[in-house]
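As structure tokens, here come the structures.
Next, two complexes with subunit A in common: one pairs it with subunit B, the other with subunit C.
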Partner chain A sequence: MLRLILRRLLISVPLVFLVSLLTFLLQALAPGDTARTILGNTYTPEGYAQLRQQLGLDEPLLTQYWHWLSGALHGDLGVSPISGLDVGEQITTRLGVTLSLIVWCTVLAAVVGVTLGVVSAVRGGALGRLVDALSLVGFAVPVFWFGLVLVTVFAVTLRLLPATGYVDPATSLSGWAQSMVLPVVALALAPAAVIAKQTRDGMLDALGRDFVHSLRANGASERSIVFRHALRNAAIPVVTVIGLVFVGMLTGTVLVESVFAMPGLGGLAVQSTVQHDLPMIQGVAVTFTVVVVLVNLLVDIAYGWLNPKVRAS
Partner chain B sequence: MLRRPVAVAALAYLVLVVVAAVAAPLLAPHAPEATDLDHVLSTPSGLHPLGTDSLGRDVLSRLMYGGQVSLAGVAVAVATMLVLGVSAGLVAGFVGGWVDRVATWVIDLMLSIPVIITLLVVLSVVGSNETAAMVTVGVLAAPALARVVRGATMAVRRETFVAAARVAGLPTSRIIAGQVLPRVTGPIIVQAAIGAGGALMAQAGIEFLGLGVPPPTPTWGGMVTDASQVVDQQAWLLVPTGLVIGLTVLAFGLLGDAVRDAAADRTTRAPRSRTQLPVVPPSTSDAPAPDALLSLRDITVALPTAHGMCTVVDGVSLDVRPGETVGLVGESGCGKSITGRAILGLLPPGGVLTGGAVYLDGEHLRTPKAFRAVRGSRIALISQEHVGSLDPVLTVGHQVDELVRRHHGGSRNTVRARTLELLASVRLPNPATVARRYPHELSGGMAQRVAIALALAGDPELLIADEPTTALDVTVQAEILALLRQLQAERGMAILLISHDLGVVADVCRRAYVMYAGRVVETAPSATLFEEPRHPYTAGLLDCSPRRRPPRTRLAAIPGMVPEPWDRPTGCHFHPRCPLATAECMTGEIPVAEPTAGHRTRCLHHTDLAKGEDHADVDVRVLAGD
Partner chain C sequence: MINTRSWRRVVAALALTLAAAGCGGPAATNPVSSSETTLDIGTSYPPTPNLDPGNANGASLWYLELAYEPLIKMASDGKLKPGLATSWRYVGEGNTTFELTLREGVKFSDGTPLSADVVKANLDRFRGTAQLSTAAQLADVSAVTVVDAKTVRLALSKPNPTIAAVLSEFYGAGDIASGAALADPTKLATQTFGAGPYVLDAARTVEGDHYTFTRNPHYWAPDKAKFETVVVKILPNPNSALAALRTGQVDLVQGAPNTDKAAKTAGLQVVSVPQTFVGLALADRAGTTLPALGDVRVRQALNYAIDRKKITAGLVGTYGGPTPTEQVVLPGQPGYNDKTFYPHDPDNARQLLREAGYPNGFTLPAVSFSGPSGMTPLLQVMANQLADVGVRLQISDTADSNKYIQDMLSGQFPAYGIAFGTLPVHLMGPLLFLPNATPFNPFHSTDPTLESLYAKAAAAGPDTKPDLDRQIIGRLVEQAWFVPVLFQPVSYYARPGVGGVAATPNRPTPNPVEWTFTG
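Right, the complex of A and B next:
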């Protein structure tokens, strides 16, 4: 268990540094620099040089990185040269929207996926084919397109839910819930399909194992065999998949936030990309990476908790 | 692979997309940017087969031209992924050592980078540059491919011919190109197909966000953006674009699946349904023996095989009296384990009890419910798999507790006390310690003792022991057999011992049934079976048993093989391998003879066998059928 966590940290910590360093180095390759971006098309060489000095851009790249890094470790991610907004502040205000989207989505996908997977493994037949079909659909349907279809059906045609926008839960809890339904469903389709498939495969594998035969032969109840034994065994790979799915949802959220005009990190990332707002995109990249690292750590802990062989080592 | 209709359809669709995109200038009905302001946002019509967008541009034509961008992007991504992934995987897998460790570390590292973020970072630096984006997608997809190639390469490297090539001094590059690469092509194609689907999806996403090729050049993702701006006016516009993206991604995925399945060569798909409980047909004329605890009468079981449903157990009758230990012997594939499963009403998936009856204490078990009611409480099972027959994720104590609670109920404390008692009764030292252990922390012998404790939880009257010692060390075998004998004596429990080993059966059982190719061929008290076998198959089995042979003599083996269930000969199933076979053996049913009371044999020549004092002298090869 400890080894597993150490191994994960051995990858995670360098990962955060690597992502931040790479984004930093990429900026150096960028045509034009932040100073030029701020000054726009009309500037004097003197003004430019002065601004560069002011921003520390005339220092060697590694020194610049060191400044950024020591700032970042103290929670200071710099200031956007485009909007003049504090990067850290922007990220903290928007992180909540994105995280609540992803967390609710994970919950929904896990509940639907595990239920479908278990039922289809136990019942087989048409439900089994449904899960197969769903996993194909989840694989093939673009998340942004599915979001638009949901908007067309539930907002434009049926007028049941708001098409876009986000309501702060502090303002109106019901408004918040309504604004979350379509994005969460749109984002949950693919993960639910992946989880359903993995659960089904895991359950079928577990139900075919010798210990299940022994349990049945010695009188264990079918309910206990399915839920206590098979599901617990199948849960080990499912947890891994849920972790992967969570990371994949970071990609999905960028698109879904764009479709539903949600003020999350994804929207910020796209906006910063369009505007070449490098300090902002760097902050977002590091935040996303830290989220990935934490989720992977949680998955490892859950994995060890479920799998006694790992826990012992 | 091309025999699979899904794969053919996927391939045909992809070919269609490629042709439509490449030949767009020739085939497209309109120019991609030509506006037709008389037909803005039209639904499909003769003029515009897939309708028009808000500027009156033809959707079909734009999809065809957009395909050029999409396919070029996918090609760039897949090429990047192949170059990086294959070379990294081959090197890591083939060279091994620290190179492999570094490569694995980098692969793990890259696999945890969120794709979109890297893409956005790259795009924020280089601006809207679709080629750069697709190269990035390829780079990010490479680790997954490298991992697969590495695994496959390592497997190939361990094989003898590659080792031989290395010893022979063939240069590494030649070995990789000549020996390794052809063998890992399958997994590479599968990953490439998955990567292509992912790349297309990523590309559509970038275009949707407006970060790809700038308008007015048509792109598939960009067309979804166009549609999104008019969903409240013309929802149709979403349909063609979404379908094209979805179907293309799907086609890549299905193609990958088909290649993988073809490589795995799954000729028969595993039956999907859960263990089917047999429906017991009406009893045959034979009544159960009045004094028997368990009576099987003419049990016939059919199982699904590569050759359709086949009868694997063919009219087996046997009796076990209360407290009696009875053996069921035969080579693997003779149907003895399936007979054991039929007694429990737990045939493998798809298996059907097609005839005969199971009686327990004279009661005919007909329904799944009747079988369920006796499992564990009256009939229990231990199997060959010792560690495998325990749930790996629960402690021993929890597993025994569950069955104790199921059969006896009671509070948590009484249940646990009974569990510890059971663990002590199978002679496990420190039951309390063992109860806290997980199955992987037990030795084979200990695990088998726990399995026995589990079977005893419901105080069964009959224990089916299916090859209980086969997978254990010889010394442990003897201990487990001794334990079974003790338990049998203490509890007055009957045991049906299923084994391929006549020696084990002779050790423990009073009587035994010998099975061959689905039928019981001989039954007698164990001692009689040993001294005077009346079936040539039993005689042959005895010759195979090292315990029976004087030291330093050659161990005989029965020539030929047990026939597969779909390949069983008519007449006596054993005749192709039998030294005594004659023409009569090859046709018709062989009647059961009873030379002495309680000694029955299904052999026409059993008297000849009795005459030949030392049956081992029969030269089994002379008359062997094959």
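Right, the complex of A and C next:
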């Protein structure tokens, strides 16, 4: 298992490098540049040329990339030429918002999804069809629309929760918890539907297998069959889906952060892309890549825990 | 570099995420709470590109107005009023020498005093630092001289009748920073060093989320700083912004055309003024890439083909003062011609096209930006009406503003969708219609009559300038360089009890320094 983890970590180093290089090149190929963002519509051609030179935008692309990389390798992600803000500080300030949003969503989606999936597989009938229907709704409902509905009902009409904003937990724990409820529910709907569908299908498959009949014939309790044997058997694809859901939510947070005015990484990614803020884009891309690598590593570890064959290999 | 404080926040949030699953909390509290001494404002953007007054624009206006006292203030009706300068005047004839008399006893938020030397240092930085947008705004200033301790004189390389407006906070080059701040101008991007009523409190600010301003203890008119604290909160989604206002999280927000009705229904104050003319720019007026546009009759035909009233009623609706237009200025503004140039007349349009040699019309490629200005939907409706006279408007739409600008400047599109916030006529010249206007004259169209009128108006005194401005706008309309269709309004919503929220076409953005709590 340790070798697996080490191998994965080693592979992730060139992956992060490759992602940073591709992000840099793609951004450089996109129309517009940082200088134009800074100057807006009011600029002289001379000023524009001078600013490009000052920012190093007139240098060859690989030279520009090397400047960034050499700083990053020393732990310095640079300063935004547009806002003047330190990239590392911005990312760490916003990472807590985005990660807490995603972790909460994953927990909620996993609990709700697995529960619904198991119950509908075991009970079947109308409940099974209901889970299927809810899964479809979960897939179909746009996250920003669902978020606005939640705001209208729970903030504007019932006045139970704040409409927008994020509270630093260091400032107010209860304020933080309340500010998280609606965004987490809005973002968790679709993943919960995916997990419920996957769990239901996996459970139905497992419950129909020969080993389940053998267990029943040997007098194992239904509870033991469902939770100790069938669920564990169905868990590997569910864990895979949970991992994918976690990674997918990195993009979903963009909309949720916008609707709920939360200062997370998603909003920073969009803003810096629109503004051609290269150091900020690079920082966000690398951060997202590291998060994805770590989540995939956790999923691999979970496989090993769930399936002895994986541990042995 | 990554600091330990930030990391602690990440770890705390994650730890709480994992540990506080049971935390619900009793009643809801607002993340940004309103109180009698705190004004909470919601806006769509953080200060963009940053807080440096040398790069001031619409997205940073409120932040800078709170922290910087301009040389000359612009009131909500567009009239210029004393700021750091108590008076100003052109010296002699011809609008080539401009003099400011400074207020005495003023200190900046860092406690250092205002002086003529500090004003000169700021203006020299604004005009001499090419990477600041103020460099283009002050391009006509050839020298700044300290006449005496409270008098500064600007020498202009060519006549400029709007230099006073440019030195206001609204047009950007009037926000003066302390002399100490100029020693390290990089700090201006993230901190404030003005002589305005408030100062940015970095410790209570989260970049990109909310910006907290507290009273400037050195402000020269303390009674005008009406709030202990002003918090500017970033609310990028218009519906969420409205919800935040309705639930008391903020006192005022920027509106959007699609939420005006909901705001009105909710009993909020809705302040709305027409600001941005939207339509089609017929950029290739020499017919370089599309010969048809080189004929003024064709350009006029396109103007006759458009039913502006019908389009405006359909797209803008009844809220926000829908204003159809064929001119690039609004009724009542300098330069406005009180007449109709192009009544909707498709038959006349077809006749003009026949006379110009295009009885079967032609294909007109245009690039458009599907941003919040409503440009693309407007062009799509225009395409239907132009098709009635045989002109096939071929829209290349992009959601990327950078690509839109790049395509517009590329010279590949003989026309482009335009959304342009109207300005005083003289200020529009270098942006919109002079030969080197950047970026809205990509084909460098020339018209000696227009340029001659512009030069005369630049040097004109107050008696003759209004008529010359009218002639400039009239010439632009007659030559049909554009097909303006409507003025898109800009809206602001305030809760009842917030006073002083005023905006007019001449100053379409209300000034937060003027707002009060009335109840």
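Here are a few things to note about the model shown:
The definition used in the following text is that the second predicted complex is superposed on the first by the 265 of 313 C-alpha atoms of A that agree within 3 Å, B and C clash if a C-alpha of one lies under 4 Å from a C-alpha of the other, contacts with A are read in each partner's own complex, and residues count from 1 in each chain.
Throughout what follows, a residue touches a chain if its C-beta (ideal position, glycine included) is under 8 Å from a C-beta of that chain, and two chains touch if they have at least 3 such contacts.
For clarity, every value in this text was computed on a predicted model and none was experimentally measured.
In the superposed pair of complexes, A:254 makes contact with subunit B only, with no contact to subunit C.
When the two structures are aligned on the shared chain, A:300 is found in touch with neither subunit B nor subunit C. Once chain A of one complex is fitted onto chain A of the other, the partner contacts of A:124 are limited to subunit B, with no touch recorded for subunit C. By the document's definition of touching, of the two partners only subunit B reaches A:214; subunit C does not. In the superposition on chain A, A:148 makes contact with both subunit B and subunit C. Of the two partner chains placed around the shared chain by superposition, subunit C is the only one that A:75 touches, whereas subunit B remains out of contact.
In the superposed model, A:159 makes contact with subunit C only, not with subunit B.
In the superposition on chain A, subunit A positions 30-31, 144, 148, 151-152, 156, 258-259, 274, 276 are in contact with subunit B in one complex as well as with subunit C in the other.
Taken in their complex, subunit A has these residues touching subunit B: 10-12, 14-15, 18-19, 22-23, 26-27, 29-31, 122, 124-125, 128, 136, 139-145, 148-149, 151-152, 156-157, 204, 207-211, 213-221, 224, 228-229, 232-233, 236, 247, 250-251, 254-255, 258-259, 269-270, 272-274, 276-278, 281-282, 284-285, 288-289, 292-293, 296, 306-309, 312. Across the complex, subunit B meets subunit A through its residues 105, 108-109, 112-118, 120-127, 197, 201-202, 204-205, 208-211, 221, 224, 227-228, 231-232, 235, 238, 241-242, 245-247, 249-250, 253-254, 272-275, 344, 346, 349, 372, 375-377, 379-383, 385, 388-395, 402-403, 406-407, 438, 440-441, 451, 454-455, 457-458, 464. The residues of subunit C lying in touch with subunit A in their complex are 1-3, 6-14, 16-18, 20-21, 23-26, 28-32, 46-50, 52, 55, 57, 130-133, 135-137, 139, 172, 186, 189-190, 206-209, 233-237, 239-241, 243-244, 246-247, 249, 400-403, 405-407, 431, 438-439.
Here subunit A touches subunit C in the complex through residues 30-33, 35-47, 50-51, 54, 75-77, 82-86, 88-97, 99-100, 103-104, 107, 144, 148, 151-152, 155-156, 159-170, 172-179, 258-263, 267-268, 271, 274-276, going by the rule given at the top.
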